[in-house]
Structures are given as C-alpha cells and as structure tokens.
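Okay, here's the structure, questions in a sec.
Order as written gives the chain letters A, B and C; numbering starts at 1 within each chain.
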Amino acid sequence: MTARFEMERLEADVAIVGGGIVGGSAALFLTRMGFKVALLERDWCGAKASGVNYGGVRRQGRPPEQLPLSQRSHAIWGRLPELVGIDGEYVRSGHLKLARNEADLASLVAYNKKVETFGLGLEIIAGEAFRARYPALGDRAVGGSLCPEDGHANPRLVSPAFARAAAKAGAVVREQTAVDHVERTGNGFLLRCTSVGGDALEVRSRILLNCSGAWSGRLAESFGEPVPLSSAHPCMAVTEPLPRFLDVNIGVEGGGVYGRQVERGNVVVGGGRGFALDADRARPARNAVLTLMGEAVDLFPQLRHAHVIRTWTGVEGYTPDRNPIIGPSATTPGLFHAFGFSGAGFQIGPAVGEALAELVRDGHSSAPLDTFSITRFAKADPALSVAAPAGH
Amino acid sequence: MPLLQRVAEKSRRAVPFVLDGRPCEALEGDTILTALLTNGEQLRRSEFSGQPRAGFCLMGACQDCWVRLEDGRRLRACSNFIEPGMHVVTGAQP
Amino acid sequence: MTDTPVHPPIIVGAGPAGVRTAETLVAAGLRPLVIDEAARWGGQIYRQPPEGFHRPKRALYGFEAGKADALHRAMAGILPAVDYRPRSLVWNIESGALDVTPNDGLKGGRSETVPFSHLILAPGATDRVLPFPGWTTPGVFTLGGSQVALKFQGCAVGSRVLFLGTGPLLYLVAYQYAKAGATVAGVLDTSGFADHARAVPGMLRDPGTFAKGVYYVGWLRAHGVPVHSGVRPVRVEGDGRVEALVWRRNGAEQRTVCDAVAFGLGLRPETQLADLAGCRFRFDAMDRAWVPERSAAGRTSVAGVYVAGDGAGIAGADAAEMAGERAALALLEDLGRPVDSARATLLEQKLAASARFRRALTDAFPFPADWAASVPDDTPVCRCEEVSAGTLRKAARDGEAAEINRLKALTRVGMGRCQGRMCGAASAELLAQALGTGPDAVGRLRSQPPVKPLPFSAGILDEEKAS
C-alpha cells in the first residue's frame, strides 16, 4: 500500500473507550475535575445502546444494591440542563409498575418493603383507588406501585449530550475512531486507534476506562479478565402522535410490555427481543414486534386504532446476574471497567460516570461498588480467570 | 370552494357520507381524499403546528392524508375508498 | 438440471416491471405470487381507475395508451396463472420471508409471514421533492399525485393549477390537465433553456420520446399557457390554501395567481425493501440517490433477490418493462431453467441504450443543486415531524451531525410516518451543503420496519399464538 495516512499522538490523564452515557458522563465529570481526557468512540457518541434504549429513567424495580448509585443519578438527572445544556425531554412523570393479579401486587408490596430505607417514595395503589386515579388503565391491572419522581427522557438526545458537554468542557472527543489495540506500558496505557477515514491515532494515558457497552468484553479479556457477557436486543416501537392518555411511565410486574407517551403524543412501547445482523447491528424480530403490538394494545386499548410507524433495537451487554460490572480491574492497575448494564444503564449511567471519576481522583468512590466487582465472575467460574497476555 | 375539481367521470352513483357532522355526497369509486376535498379544503391538521393539511402525493407514500372516522378508526385517505354512511372527522383531535 | 423452487417466486409491485416479470415467469411454467399495494395492476404510470369509470385509455394515457393497454392485457391474461394479492403491503423482510398485511384501512387484519427463495422487487418510485416556503399548504401536491387525481379520480387538484419543477412529467401532466379541460396557470421549469439545448443530441437517441416532449411544450405554448424555464420558487401565498405562487427568474420576482401547485423534481426510487432484504447499495450520481447494486440482469448482492424498474434506479416505464423481463430471465437462469439467451442479451442492450437516453434527460432536466442553500431556515423540511431547514443546518453547523442517520437521531428528520420518503433527499442535500460536501458523502438513511405505518390490528397475543 502506498497510501499515507496521518499519524496523530495524544497524551491524556484518562483514556475512555466508549462514548455512551457512561463514558460520556465520566468524561464530563473528569474534565470538570481538571483531568485531561481523551474519549474514543467507534461510532457516534451515544449512538449505540445508550441512545436507542426505551428511555425509562427509573429507580423502581432495581435491586437494592443498585439503589445508592441510582439515587445519586436521580440527583444528577435533576440538574441535567445545567450539566449538558439540554433538557433531553426529561420529565419526572412517575413510574407506575402494574400488577395484573394479586400475586404480582403482593410482590410489589414486598419490593416496597425491601427498599423502604432508600427513600424512593414508593406508593402502593390498588382497587378502587387505583381505578379512580388511572381510569385510562381501566381494568387492566388490580393495582400498582408508583414511584412519583421516576420518569422518562429521550435517549437519542440525552446520551450524545454528555460527550458533547465533555468536549465543550475541554475533553478530546474522537468519534468514528476505533480502538484496535490496547497495551499496558511502563506507567500507563497505549491505545492504537484508526478513524473511519483511515487516519491513525495513538493515545497514551495513565488511566484507562472501559465503557464500551456490549463490546467491553474484548478489552477486559485482553487484560486477563474475561467476563460472561452476552448481547441482547430489546425491541422498541413507536406510534404516530396520539391524543394524550398516558402521563406516567408504565412497567408491568413480572416483565412483558412497557410504555410511555412523549410530550408530542407518540407512544413508545418496548418488549421482546430482536436479532443480531452482525456483531455491531441488530434488528427487531417480526414475532417480537407483532407480539409487542398485541400486548401493548391489550394493555392500552387506546392504541386500538393506532399505527406503529417505526421499530428499532440496539446491542446491549448482559451479565448473568443482570448487575453491571463497575470498578477497578483485578489484573491491571489504572484500568477501570463500567459495562454490562443489562438493559438498565440509562438512568444509572450518569452516576456511574461520576463514580468512575471519583475512583480515578480518590482511588475510591463514595458510592458502594463492591457488588459490581469484575472479580465476582472469576470466583464463580475459575475457568474464566485464566490470565491472558495483555494487549495481544 | 372545494380543493379538488371534478373534470371527468361525473356520472357515477352518489355516495352519501358525513363530513365533520355535515351530510355530504361523494361518488362511487372516490377515495376518501377525493370525497373530502371535493367537499372541503382540508383533511387534517398537523399534530404539531396545527396547520391544515390536504394530502400531497396521493399514492400512499407521504402519509400526509391520514383521517379519522367518528368511531376512532384511522385511514389513509388516498388509498381507501369512501363508503355510504361513513362519518369522517378532519379537525385536530381533542 | 432444473430446480423447482420450494416457494413460488414472489414479485413485489404490479407496475410495468412487476407485470412483465410475472408474464415471463408464467411463460416458463412457474406460478409467481404478485403482491401489490394498489387495488388494480398497472403501477403509478399505468394506474387503472376504479371499477365503473368510463374514460377510454386514450383519454387516460394519451400517447402511451397502447403501452398501457398492452400491459393491462398482459396481466389480465396471466391472472389465472399467478397468485395475485392486490391491496397488500409488504412491511418487512426478515430472514428469507416477507411480512404482509392488508393495505386496506377498513378491513385491517393480521400480518402474514410469507417465505421466499426468489424475490423480485419492483416497488417503483415517487416524486422527488425539495421544500420551499408554503409547500405544506393545502393545494400543493406532487406532480405524480396531480396526475393520479386526474387519471384515477377524474379530478383536477385545483381550478387554476400551476406546474412547478422539472423533468418530462412536468410538461406531460400540464398537457394532460389542459386537455382534460382544467385551467393551467403556467409551467415553471427549474431547469434552464441552456440545459435543454445542451441535451438535444442525447435526447435524439430516442426521437419518439423527444418528439412527444417537444409536442407537449409546443401545444401548451400554442394554447396560451405561460411556460418559463430557469425558475426557483420563492413562496406559496395563502392562508389555509394556495392563493398564489411567488417565484424568481433572473433575479426578478413574479407572482402567479393559482389555487393549486403541482410540484416535482423528477423521481426517487423506493428502496426500503431492498435495504431490509440486505442488498448492498451504491450512490447513483444521476439519481442523486442511493440505489441497490445490481447487475445488468437485475441481480442484487443477495442471492435470490432481484430488482427491476424505477425502484432499482430511475429509468422510466419502457425500461421497467424490459428490466422486469430481464430479471425474470435471470431468476430462471438461476433455477437452472433454459432461457432464450439472445433475448436476454437484446434486453440488456436495449436497457443500456435506454440508460444513455436517460442520461440526456438528466442533462435536460438537471437537479437544482443550488436549492438547498436557498431554503429559508423556517421552512419545514420534514412534513411529518415539522423539522425546519434551520434545525438541520444548526445540527450540521454545530458539529453534532455529520451523517444523515445521526441527523435523524438528533433532529427527528425522517422519523415520522413517511420514514424519510418526502424529506430524505432534501435533508441529505441540506446536510451536504452545510458541510460543504456532496450528498454522496453524508451516508444513507437506514430503513426500519415497518416501511409504512402498521396498524395495531396486525399484532398478536400470546394466547392466540398458543391456540
């Protein structure tokens, strides 16, 4: 080959791989703390799972171990415009988890009790009171649990805004830039990258954050800590604009369909799984879409005469215990992971970014992260802890 | 004055229907779009700006001509035919 | 050795390309499934009026009446030998199967999954449009739509119709309107006289078509219809309906009183299904659009998937008929059946000649590449979501969007009911202009199912699946 491409070299305190809501918010908080940050994104920032998820901003339903972080995130979401410059269509509409039978209502009551010390403000509503308060939901549920301060937002707008705000604050943000190779050097890391245009970039940093979502496994594995991460593709569909009938973000105990109506009138519903086209792309599956539509219209009769105008999915990383991996590497000093949010990273993402920034600055975070240690999988399966050479 | 002007095929059988509560007449074989725009000036209002719309491509591509029946059904006016007794509503939806 | 396919070949679209495809497959002893959105075959150009209309074909199709009639008869003749599903919408393609729902809003109905081994996509084209102030006002229709109103419904889109845009359809539809007794307020061509003159030698490759074009213009002028070239629209005037169009030529503004504007800048191919089928695309400089890659025979990059007609790149109705037949022969070849290879070669030669003529047409009626720069910021580009030109420019200027799908994600352009059919070309042009590049360098809008709005009545419940 005779083509000559530019070779650029960058020095940073912190290199972040992945410009989703976690990497973007880490970049923002670190930059605000005065660190020199290089954020590297293979696609566009916030274009993958962070930007194409359902848009629920929800604490309710999370396992208790996630709630300290989730509560911190709740506070961060409260000052979104100040942080990222847009409101991102974020509304504290409330999140109502429906119980379609008495057993499900009992499990909502049990959850309520289990998390009462966290101060989510949950409220169980059932029977006549439920029907009076949510006439639009008719007889579709026997009751529900409302988290009044939960809500929803537009992920297409919010997630890219974190990386953009980081860039504005002084971070170097490189989109369309793939990290091909990472290795530990004497006092830090060397990242070799290639832009879509073919230009080479070398980044040297003291700290490395692995925030690359469903693709994080490769980087972790290259530092000798493989994780049983799998990809899945939650299905989403949106209707044409409809008269407002739903002013609360709806989930259903036990899973199934979820739905919200945005200010413009479109109803977003989610449920079921899509399929992978290749390692990077996925598409909603016909059966998932048709089932989602059937379940949605069963739950919301208001959709009876409506149309779906678009469906989509994304590529999201799932862990076996559905809890994320957040914290320092067990093999490599200076490396931190934050991935595997298992379909629930949007709300919690900004606090994870903040916690990563604290880890980098202080060596520890004020939020408890032990549950999310990458070592939990090594303990569970010794076969996975076999060390691989770094940066092969 | 109605938007569309009939210039041919005027001897078809009349089809009575109701447009925004007003009894109207179309001709057999009219699309809902033709039935409405030979009796009026618009099909719907934009959900966002509230501005009137009257269709655009007439071949099922632009999706600008969705109308509602009184019973809540939604139809693309250019690709569905008027039927006797249909109640069509064109205003912004409450 | 010949293969008998497990599934019948499927043809999507029953216009000139689809009908000739079906005819060729039937002649070879196959029984294709023909799926079409319309109630009757013919496509847009040879669209048939509903049952009970009486005008002769000469009145409906003018000089093309013979071709229209031949195509209608061809399909009528093979009806017993095909499975014909009119008023049916293919809303998705996934893993070797189509998803089909009734294209009938009153009936609605479930979605059916139809597997295929061989698929010919002939979905046709719609008008290419660019926004200008007031273009969403009732009374502004596409050129093709204006022709549909006349042909399919016996209606003019107004009592004084102004024709605006470029391409052979502009003069044809104006002529058809005038012949039908409608008042034509004028024909405003965005291409210039010099463009037309420069293209004459190339146009003479098809003297018949060229002569027809000259005839329409001459007839219109002779009947007192003002015809202007080198025009740019300034704005539609009128509150709630069209009252006049203000336009500019050589720097001077003029105003034409009218109550309808028929508007189109050539055609754009319907390519969503080819995209969902996984076909590779290329940017076609002549169409200024992304089209599925295809061989001269109509094969795409996906084995068993073929494209023909304007949906594969704009070439016109005559070429569509030939491309449909050629793609059917390719399909038969791929099944190992004997085909008339001399016929196949002849068709390819004729298609190549037709492409040369088409190039001359593009020279004569060039895309107004300067338009994007001149659209005022407050003009809506996306009719569905009402996203303005200024919003798109701002996203490009602020460095937030350097690619069309990114622009869609950040601004909602192309996210509405029409899925970018009406705003896709304009937003690519605006983005390219703002970035100082060409529309080929800003990416291709990815298709997402459903390709058209899908009623919830298509949905299924678990209990039903189980039963």
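Assume a residue touches a chain if its C-beta (ideal position, glycine included) is under 8 Å from a C-beta of that chain, and two chains touch if they have at least 3 such contacts.
What you are looking at is a predicted structure, and each value in this text was computed from that prediction instead of being measured.
Colleague: Classify the inter-chain contact topology: is it line, ring, star, complete, or other?
Modeller: Complete.
Colleague: Once you count every C-beta pair in contact for both, which comes out on top, A-C or B-C?
Modeller: It is B-C, judged by the count of C-beta pairs in contact.
Colleague: Could you tell me which chain lies farthest from chain A when each chain's centre is the average position of its Cα atoms?
Modeller: Using the mean of the C-alpha atoms as each chain's centre, the farthest one from chain A is B.
Colleague: Using mean CA coordinates as chain centres, what's the chain A-chain B distance in Å?
Modeller: Computed value for the inter-centroid distance: 45 Å.
Colleague: Just how far, in Å, is the C-alpha centre of chain C from the one of chain A?
Modeller: The answer is 40 Å.
Colleague: Provide the C-alpha centroid distance between chain B and chain C, rounded to the nearest whole angstrom.
Modeller: 24
Colleague: Among all residues of chain B, which ones touch two or more of the remaining chains?
Modeller: Those would be 48, 66, 73-74.
Colleague: Residues touching two or more other chains, restricted to chain A: which are they?
Modeller: 240, 304-307 - these are the residues of chain A that touch more than one other chain.
Colleague: Identify all positions of chain C at which a residue touches two or more other chains, and write them in rising order.
Modeller: As it turns out, chain C has residues touching two or more other chains at 416-417, 453, 455.
Colleague: Where on chain B is chain C touching in the complex?
Modeller: Chain B residues touching chain C: 1, 3-12, 28-31, 34, 37-38, 41-42, 46, 48-49, 51-64, 66, 73-76, 78-81, 83.
Colleague: Any idea which chain C residues touch chain A in the complex?
Modeller: Chain C reaches chain A through residues 92, 94-95, 97, 99, 111, 113, 400, 403, 406, 409-410, 415-417, 419, 448-450, 453-462, 464-465.
Colleague: Once bound in the complex, which stretches of chain A touch chain B?
Modeller: Spelled out, the residues of chain A in touch with chain B are 240-243, 264-265, 304-307.
Colleague: Which residues, counting only chain C, touch chain B once they are in their complex?
Modeller: 37, 44, 49-55, 59, 103-106, 126-127, 136, 138-142, 144-146, 148-150, 152-159, 180-182, 240-241, 259-260, 270, 380, 383-386, 416-418, 421-422, 452-453, 455
Colleague: Under the definition above, what is the set of chain B residues touching chain A in their complex?
Modeller: Touch list, chain B to chain A: 47-48, 66, 68, 72-74, 93-94.
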